Structures are given as structure tokens and as C-alpha cells.
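By letter and in written order, the chains are A, B, C, D and E; residue numbering begins at 1 in each of them.
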Amino acid sequence: MSNQATPPVPDPPPDSPPERAAPEAIRAIPVRHPGRWLAAGGVAVLAAMFAHVLLTNEAFQWSFVFENLFTPPILRGVRTVVVITLLAMAIGITLGIVVAMMRLSANPLLSGAAWFYTWFFRAVPRIVLLVLFGNLGILWDRLEFGLPFDRQIGALFGIQDFQARIFGFDARTVLTGFVAGLLGLALSEAAYMAEIVRAGILSVDPGQSEAAAALGLSRPQTLRRVVLPQAMRAIIPPTGNELIALLKDTALLAYVPVTNELWFQTQAIGARTFRIFPMLVAACMWYLFLTSVLMVLQNFVERYFARGYGAARDRARVRLRSFTRGQGGA
Amino acid sequence: MTGAAGDYLVRIEQVHKSFGHTPVLNGVDLTVRPGEVTVVLGPSGSGKSTLLRCVNHLEKINAGRIWVDGELIGYRERRGKLYELREREVAAQRRAIGMVFQQFNLFPHMTVLENVMEAPVRLRQGSKSAIRDRAMALLDRVGLADKVDSYPAHISGGQQQRVAIARALAMRPKLMLFDEPTSALDPELVGEVLDVMKGLAQDGMTMIVVTHEIGFAREVGDALIFMDEGRIVEAGPPREVLANPQHERTKSFLAKVL
Amino acid sequence: GCGNGDDNNNDNDNGDTPTIEADPDLAELVPDDIAADGQLSVGVDATYPPNEYLAEDGQTVEGFDVDLFDAVAAKLGLTVEWSPAPFGAIIPGVESGEYEVGVSSFTINEERLTEVDMVSYFNAGTQWAAPAGEPVDPDNACGLRIAVQRDTVQVDDITERSEQCEADGESAITIEQFQGQDLATASVVSGQNDAMLADSPVSAYAVAQTDGALELVGEIYDAAPYGYVVNQDQSQLAEALQAGLQAIIDDGTYLDILTEWGVEGGAIDDPAVNP
Amino acid sequence: MSNQATPPVPDPPPDSPPERAAPEAIRAIPVRHPGRWLAAGGVAVLAAMFAHVLLTNEAFQWSFVFENLFTPPILRGVRTVVVITLLAMAIGITLGIVVAMMRLSANPLLSGAAWFYTWFFRAVPRIVLLVLFGNLGILWDRLEFGLPFDRQIGALFGIQDFQARIFGFDARTVLTGFVAGLLGLALSEAAYMAEIVRAGILSVDPGQSEAAAALGLSRPQTLRRVVLPQAMRAIIPPTGNELIALLKDTALLAYVPVTNELWFQTQAIGARTFRIFPMLVAACMWYLFLTSVLMVLQNFVERYFARGYGAARDRARVRLRSFTRGQGGA
Amino acid sequence: MTGAAGDYLVRIEQVHKSFGHTPVLNGVDLTVRPGEVTVVLGPSGSGKSTLLRCVNHLEKINAGRIWVDGELIGYRERRGKLYELREREVAAQRRAIGMVFQQFNLFPHMTVLENVMEAPVRLRQGSKSAIRDRAMALLDRVGLADKVDSYPAHISGGQQQRVAIARALAMRPKLMLFDEPTSALDPELVGEVLDVMKGLAQDGMTMIVVTHEIGFAREVGDALIFMDEGRIVEAGPPREVLANPQHERTKSFLAKVL
């Protein structure tokens, strides 16, 4: 049942046949809902208590919060958060598409490997993953690229200590906290994105691929021109959620550690000045701000995408109606 | 609480309704006597569904009055003032009005029998076993005695619509509203639903039926109204209107549909 | 102090500390509101072996800090409730009244003294450690990668050294700050970092625990006392703790405990409030 | 295009009219896909390298891992993880339903408060929230329940220090790490559950509520008997995901700290023994195990729910068809 | 590469098809001469759609052979052995066969014109401007010259289906397959699509049409086949079959539909 306010009665269109004047609009006295207002009152009191604590409890030290909210280390922390979020998302999306394609492949080895990848990275908590990546230096002191199993292959042919490595790095200069953290987040994100991309592709009506196939388009053409553009509709909204989740999870980088990251920095100020609580509040405020910006953006993007389809359909309905009506009346 | 009802079961007077700034009903007048079947025709968007939905207050009208069985729908008029009815009172009014939707709207998580029994049981209209007996009798009447324990998803569209009719009848309504009850059905299944509706009409049920089934209108209807742009542009006995439409819009519409 | 890591393995029998008898005169000193429940609630960051860490059972906090403070409390006729907390949250917790005392190897320094009262109980210095056979000169660490635990005094120490390097036109020190000392130590063992610096008992313990992978380098320097952290509104409690500490120093329990943990080198004989 | 293997030609049903015998089944030589096998080969080599590192790199110290995998503190940690997950989820679902109802209420104060609640708890990273809750003791040393604003009301009537508190606790005995962590997780979960419940309710075809209303059912009856049971279909799958996410996020409790929790315990062993990496591996293994169990359960639950509807529809299709066919042929 | 084609455009020989263990086609034989319109009737589930989908290899058959314009569909036969065709070769065969689906399956993210141009452009069947001219001509032919820049969601179902026909024609197919092209349409919109199809038939296009529109079958069809349970149970000139069905199943089906 609709419970909108009663709008005024519209005037009849000027070209309509003469008829009785529209009667008075209904202005009824609405039903009272005391229970609802009681609940609202309770919520209002709770809100007032909350505000009271915020304003009067000394632990908040608001002046200290605002003094520190825009100091250079904090701003640098914010920048790091944004940079890592964007980088990790970019890598995550790219790798995620590859993994999704592997997962959808008919080859059991490829789809098995993709399954294992998504399983592992989605089953282990991100904090554990990140600490693990922060300690990967324990495994190797050099990272090298080249012929795999070179030593073993050499041994097979009787060559001692055969090496076919093309280039390598000192692991610790490469696997800095920043790189380890970024890598951890990006690989983990790729697993989530792979599932999203896969679900998006599966969500496209199979009739679309069939129509493309029936026209004689090849499978890659079908994927690129017909399936992926439509899968985007199912991919974009959860990707927005992922981006927000990723931004929030950059706080976990403090434990890798990535020291110039926002959460690390706010805590460091808190510990140095012994004012933990105000800096916790400052961290909350920054994250609230950053995620809210993303949420607003997401809203816009989703509305944009909805406009392309759903709303358009409604518009079409209206047009279709006026079209038939026109025919019916001419 | 009796309004100026006379011997009409339904009285619709100068009803206006708009969604936002889009007028949908522009002063509709209609009366239905007890036992009469009124068929509503009209192009898409002409406001047929909205009119039905206003009759049982699923939509609030902006101006005008609707009485069913002498009761003003949705409001109480006292000392020249209108008061909205409480939800409970609106619900009580709706019980006297059965409604059948184009999309059936059966409850998918209940069996056929549970669908029919749900409202009478919740509204305590008798003992559970009495309600069950009545539900079984209704399902038998619509030819579904053997499907009582099926879930809606397991039966055909025509069967679902017949269950929806039985469900509405279980509340012993004085008036039945049908909103294109057969237009979501495969052509082969339309007949079985129309047959049930014919039976109802023969048993004296008062009905307002939105449909494009001209055959049904001709055979069963006592009155036919043709709507366009929120107005009733033509009304009369079905055979006359169908054979000899007066209004341009009716003519061109019938030319396409017949 | 030189570490003796083997000791802690057979030292779970904390049963010998409570045998210390309460001294009624000292117990008098304890403020009534604290004496009322017979318990001291203590905030501790249990990730700092051998000073304070979780025992093998995963529940008990143990370490020489723990044994020592249990003894002090026993002298005052109190028992101790150890509440694990993040290191940085302990002093604010004491200030807010969440904890009555903070015992977590807090080095006494100016900044801390402006916030809280502190009772000195042990002398620790900073000690460097590096992979065995790859000695590092603490006074010339420019360009190296050094691991420390976040929020400790060593962070300020190494930051100053790095700034000095840059002032001298050399490359800065890469400072890796870790959540816990364990991660910092592990990063040096694995070769990710070139050296670490920590409180002397901690470095000694790390060297002992890593089976010769690490060795101590250089001397202990910047020796400074550890202190129990007490709210500034509770100076009476601070006095009581100081008296209790003096009592176990005088009766020899103090040195027994330190010796048992192999950190007797840091023993003091003149505990004081806000030295 | 289906690419299933060619099944054998079925025998014609025995009662069918006599006709030509079925021709030989098609057994065509399939097309080769060398590119696909090359990619698979690459993946196989990578997998082998991964296994090789796992088995030969000394940093893993597998014997140490297995020694510690089932020691009492670790098992206690696992129990804590499970208990907190279930408790937080139970509170989260209950509170989430309340918040969702508030959000859907027509009263702007109620729906505004619900919006604010979900906004705050979804915009702040869980790690920040949990550390904040761990430090809530800084705000109050006592938690008290009673007449709100009692002191202010007293002052209004000229009574100094008027107190109308019914009962109170010493904050530090109540807000232990466990309680603070549980509360933080549960309140945060409630925000996510509220959105899920709301989306679930909105996903039910409005025709269902209309049908119920048209039958004369009241709004609470409609909600309880018609809308909620159907909303469950949309609520259950994301709730499963939430449960898995919650289980993983219990690792964050280590920073509250909740000391007898799995991640804290594995790290504590690492800290005591300086064998960080093996204990990281142990943590991964436990989380992989726990989340995998939940994933399997989720799969069952989802399949069960799918059986109730989607599959049933297919069955109905088949029945319906044989029904019409029977009529067509009789 | 010419098989035993004779003067048939389509030759279907003893085609069997099953999904899993459910047989769906049980030995279908059918031939269609160039320019002929074959109408397929039959109850739901009788395999009509599956038969069409086998003709352009959207489904793989289990036994039998299908030739279109002399080419064996989906396979190459050499020295008594069958080889699957590569994807590219199957695509080439499909280009000669246009298909129109019940659900239109227009690409919703492309305009009407882009829908029609997509396949010729991707498959480089001429310069873009030549393709555009041809697409415009086709859209004009189906009466949609004024809708070229609309998106599918913005036009009616009947218009969408006409676009789908133009899209299939843009590949200049030799054969058109229609799978219930009007059964997803509102009754008012059916006529416009059938008109386009009639025009196509008059222009000499070879067509296989699954439909329940008996009028169309009678008026346009050269042959009518009635399928049931995966078999062709009756075939012949539409007027004869419709007026005088021989088989019991045909009779009872026509009794319901007519």
C-alpha cells in the first residue's frame, strides 16, 4: 500500500472533452502511530546521550584531534592509503580477469589451478596473509627469474650447479614492507575479483552468446563484443564494494608493517603522546571520510549503469504505451 | 456506516488518481449491481489496473469516493471531515473484496492448500478443520482436488491462476476483481481459467474483470466499459458495444484486437 | 646483562614467588581503594620475551618483570591480575584508570614522566644484535636496514642516528618498525634486515633463543631504569610500590629472581619514585 | 555451444512405432587446442615450483609446524574463534534485523538512526573499530544503566548530583578484551546483516505483499508469514559469506587484544620460540581448514535452498510438459 | 564438399539427439527445397527448438547427418572418418544460416543499427559505409528506418523482433530459422512481425518456422510438419494437414489450438 502524501488533483488536459469539474481533493486526517513515536523517542534519547558523551567526555580531547588531523605524517598516511588502494585494485582486477578466464576454461589443469588460487586467498584472513607476505623474506634472500628447476635439470645432464637465471633481486630490497603489503593485498584482491568476474560472465543471458554464435561471430569476438560489456553490469557494483573493502583493509598494512600508512601513523602519534583515544577518533574520521567519498562515487556509478538499462526499460514502457495509445486513439 | 448505496454493490464516483504529476484516473464513475459482471477493456496504460487497485485501497485515490457494499473505502466521514482508516479497518474492508492478479501472486513457499487456507486461518474465520474442509471444497470446485499438496512452482500457470481464484474465494468475498487473469498464460491454458470464471458468474458472484478476452466479455459480461487515458469513454451491454462501438478510440482498439 | 635463555624453560613454577609473606607495615601504605579488593590490575604487553611473554600454556604471562612484580605485590599483601594490552595503550590505560599499574619494561624518560609517575626497578640499556659473523658497528650504521619494535625508545634512538647519518652526508638508515619484537628479531635472523636494537635483556634472549644465528654487537649503552607506571593521582601507591621493592631488594629476593632469569647485571639497589 | 562428450544413441522406447534402426552414433575426431595445453603446462611448472619450495625450503620447518598444530593453547584458540564467531553472528543477526526494520520504517528518525548506524559501522575498518572498542575503557571507568541524563534532570529540579542508576559495572572487569572484541565484532556484523536483511526484504516481489494485503492480512502478518520466509532465499547466501568473513576477522581480535584467540596464540608461540614462519604456516592451515568447512556447509545450505525453488521449477517444467504431452497424445 | 544434396537446400537424415539420457530427437528426417517455407508444429517439449538448434550446430547431434546447401554441418568426412570442424569453420557455416529466437536476443548495449551492423563489420564483409547502407536498407524493409539509433530497451517487442530479423538478414543467409518468433509478443504486436516474415517468404527466402500461428502456416507455408516426442508424426501441405489431420496426436493438438 502506498502511503505517499496526497498530491493535488491535476487539472484535466485542455483538449479533453468537457465534463464535471474535478471534485475536492481528499485531505484526510491521518492515523496516529503512538508506538512508532515512542520508539523514535527512545532513539532520540540514545542519540542525545551519544552526542553528550562525544562532547563532554574528556577522553576525546577534540582540540588535540583537530590539531593532528592534518599534520604531514597523517596526510602522507592518507596518500599512501589511496595509492595502495588504487594500485592493489588495478593489479587485482587485471589478475582477477586472468584467473576468472582460467577458471572458466575447459582445461581441468587451468581451472583447477584457478580454483586453488581463489580458495587459498579467500580462505586465509587478510591480516594473516599480509603478515605472511611481510615475512616472505624469510624464504629467499634473492628473488630470481629464469629457467625453472635449472639446478635439477643441470643435475640430470650431469652439470653441477647449472644455473639459468636471467635476472634476480635482493629479496629484501624488493620485498620492502610497501611491496610486500601491496603484493599481499593485490593477490588477495585478485581472488575476490576473479569470483566477481566469473559470476558476471555467468550472469549474462546465454541467449546472447547463442545469438552471437548464430551470427557467425567467433568465441573471442563474442566474449569481447557481446558478453563482457554486459557482464560489466554485474561486475561493477560488487567491484565498488571491493574497492571500499580494500581501502578499509589498507589499515591491516600497519602489521606488515607499512609504516607510512594512515593507521600506523595515527597509532604512532597516539603512542608517542599517550593520547590513544583522540588518535583513534582521528583515524575513524579519516576512514569515514574516505569510504564515504567512495560510497558516493559508487552510488553515482551504479545509478549511471542503472540508467543505461533498468530505467531505460521503464522509459521504453512509457514510450511504448504512448505509442500504442496514439494508435488506439487516431 | 451505510453511504448513499442504493441497490449498488459498488459505487465509484468521480475518482481521480495520479502518480506524482501523472494523472492516471481522471474522474471515473461506475456502478455495479450485486450479481453483475462488468468487463473493463482499454489499451495499455489507460488505468484499468489502477482503477481495480483503488477499489480495494491498494492505491489511495486523490479525489472522489468509492463505496463497496455501502462502506466508504479507506476513509471514515464524520462531521464533514475525512479520517483515514486504521490499517486494521482497511484490512477488514479488503476481506469483502477478492482480487486475482495477472501474475497469480501465489505464495511460493506454501502448498496449494496452505495458500487457500492461509488468510482464513490467520484471521480466525473458524476452526482449522472447518477451514480445511472449505478450502478442499473450493479447490475441488476449480478442478484441483488432486493438487492440494503441490507447491505453486510444480503446477501449470492455468492451475496456479485457478488456485489464486480459490484463495480469493476462501474469504467469502462479496465482490471479485480480476486484473487480466489470463494474459500471463499460454493460449492452451486460458480456457480452463475462463471456465472457472464463468462458473463463478453463473453462481451470482459480482465481478469486475479487466481482460482482453472478447469472447468472455460477450458471453458472460453484463456490462462492458471501455477506458482510455483514465476515463471511461464508452459503456454499455457488451454485445452492443462490441458490435457497434460509438467512440473512435473504441473502434480502432477493437479493430486491432478482434 | 647477559641472557640465559635456558632458564625460562624450567621456570614455569611460579609457585615460589607467592611464598613471600606480606609485610603488614608495608601493606598499610597501600591506598584503601586499591587494597579493598586485594588485587592490582596490571596492564602488560606480553610479546617481549624474556621480560614478559605468554608461557607455553598460552595463558599465563611470565618473565622476569612478572616474577619481580608478583614479589613486590606479595610484600604489599596483594595479588596481581595481569591484563594483556597493546604496548602503546598501557600508559593511557593507567591514566584513565583502566589499569592500576603498568608493568611492561617501560624505560623511564621525560615524556613518560610528564604523563605518569614511575617507580624505577631495573637498569636496562640498549643492546644491538646482528647475524653471527656479520658484525655491525652501531656507531656507523648508515645505509643499513635496522629492525626495531614500534613505539619503543629504540625507535627514537635509531631515528636520531639516521638523521645524524644524513647530516654527515651519508645515506640514511632504513628503519623497519614491527608490531612485536618477535617479528623484528625474525627479520634479522632471516637476513631481511642487517641488525636490530632492543633493550639489553631482550637482545640477549634473542641471541640465546636463535641457536647462534645472532650475536650481540657493541656495548650496552644509554643505560636507563625501567619503571612501574602509576597514575599521577595515585602517588601513594607509587610510594608503596617503591617500599615493597626496597623490601625485596633488602631481603635478597630481588637478586634471586634476576639471577634466575640471568639478568642480574641490571640490578639496582635504590628504587625511587620519579628518579 | 555444448561441448559435452557424445553419449550413446538411446534405444527407441519399446512402444514406439517401428521405424528405421538408429544410425551409427557420431564419433568424430576432436579439434586439437595446442595453445590451451601450453598454458596448462606453464601452470603445471609453476605448481611444481610452489610444491618444491614448500617441501625443500628450510624456513617451513614442517616438523615444528605439526608439533604445534594441536597443542592445547592452539586448540583453545580454535575454540575461541568458533565461539566468538557464533556469538557475534547470533548478536549480529538479531540486532541486524532490528536495524533493518528501523531502516524500512516510515519514521524518519528511526530510519535516520538506522542509516547512521550502518554507515558508521560499515565505513570504519574493523581493525580500527576493534582497537577502539578495546580502548573504550578509557571513556568510562564505570558502565551504568538507568535514567538517562539523570544528573542534568536533577540539576533542572535543583537537586545536586541526583543519580538514578539502576545498576553499574566496573568497566574494566566487564570490558575485558573478550567482551570488547565480541561487542565490536557483533555491532559491526549487525550493520552488515541489517543491509542484507533489508535487501532480502526488498527482493521479495511486491506482488506478494499486495496479494496478502488484498486477502486482508495485516502488515505484521504479511511480514511474518509471506515476506520474511521468501526473503530468506535472498538472505541466506550472503549470510553464509558474512559468517566466513566473520570467522576470518576473528584474527583481528589479536590486536584488541583477545589473548586466547588463534592468531594471537600462533604468534605468541612464534614470539617465544622465534620460529615465526612455521607458526604463520600453522595459522594459515587452521584458517584454511575452518573456512573450508564453512564453505562446504554453505554449499550444502545453498543447494538445499536452491532445491526448494529453482530446481523445483525445473521439475515442474518437466512435469508440466509431460502433462501437456499426455493430453496432446491421448 | 558437396554431399548427396540433390536440389534440396536442407537435408536432415535420421538425426538423433539426447540430453544426458533423455532422448529429445529420435530419428528426424526432413528436406527443404530452396525457396520453400516449412512450418513446424508440435506440443511443448516435442523437440522443435532442439531440431532448429541442431541445424546450425548450436547443439551437437548424436547420430545422423545434416546438410545445408550441400555442406555437412559441424563435421568433415574424410576416408570414412568424421572430424570435428574447428570453431572458425563452424562459424563460417553458421553465417549462411540466419536464426531468430523467441526472446529476440538483441544485444542490449548496442543501438538498433549497431545490432544489425555488428556481425558484418566484425567479419569484414565490406567497407563500413557499405555495411551501414545495407543495414539501413534492411531496417527500412522491416519498417524501422526511424528507430536506427534507439536501444533495444526503448522499442516494443514487435520492433525488437523485427530488428532481430534484419540482423539475421544482414549476413545474407541462404536459410532462415525462426523459433516461435511471436510467442513472446503481446497479441497486438504479433501481426507486424508476421507481416515481415510473409514478405521474406514472398521474396523467395528458404525458411523453417516453429510457430503456433496457424493462420501463418496456412497462408505462407509450403509444408507443415507436426512433431511429437522427438519424431515427425505427420507432414504435408499445411491446408491438408490442418483440415484433415491423420494422426491422433495431431488431431487432439489442433483441437486445442484452433
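Operating definition for what follows: contacts are C-beta pairs under 8 Å (C-beta built on N, C-alpha and C of every residue); 3 or more make two chains touch, one makes a residue touch a chain.
Bear in mind the structure is a predicted one, so any value in this text is a computation, not a measurement.
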| item | value |
| --- | --- |
| Set of chains whose contacts include both chain D and chain B | A, E |
| Distance in touch steps, counted as few as possible, from chain A out to chain C | 1 |
| Farthest chain (mean CA position) relative to chain A | B |
| Result of counting contacting C-beta pairs for A-B and A-E, higher pair | A-B |
| Rigid-body rotation angle, chain D and chain A, from Cα fit (steps of 5°) | 180 |
| CA centroid of chain B to CA centroid of chain C, Å | 82 |
| Centre-to-centre distance between chain D and chain A (centres being mean Cα positions), rounded to whole Å | 17 |
| Chain C-chain D separation of Cα centroids, rounded to whole Å | 41 |
| Sites on chain A at which at least two other chains make contact | 1, 3, 59, 131, 135, 138, 213, 254-255, 267, 276-277, 320, 324 |
| Junction residues of chain E, two or more chains touched | 44, 58, 87, 188, 256 |
| Of all residues in chain C, the ones touching two or more other chains | 89, 92, 96, 183, 186, 189-190 |
| Full enumeration of touching chain pairs | A-B, A-C, A-D, A-E, B-D, B-E, C-D, D-E |
| Touching residues (chain side chain E, partner chain B) in the complex | 44, 186-188, 212, 256-257 |
| Residues of chain E defined as touching chain D within the complex | 13-14, 16, 18, 20-21, 23, 26-27, 43-46, 57-64, 75, 81-87, 90, 228-229, 231, 248-249, 252-253, 256 |
| Complex contacts: residues of chain B adjacent to chain D | 56, 58, 87-88, 91-92, 94-95, 97-99, 101, 103, 105-109, 118-119, 122-123, 151, 153-156, 164, 167-168, 171, 188 |
| Residues of chain A defined as touching chain C within the complex | 59, 131, 134-135, 137-138, 141, 171-172, 175, 177, 254-255, 257, 259, 264, 267-268, 270-272, 274-277 |
| Partner chain B, residues of chain A touching it in the complex | 1-4, 6-10, 12, 16, 19-20, 22-31, 320-322, 324-325, 327-330 |
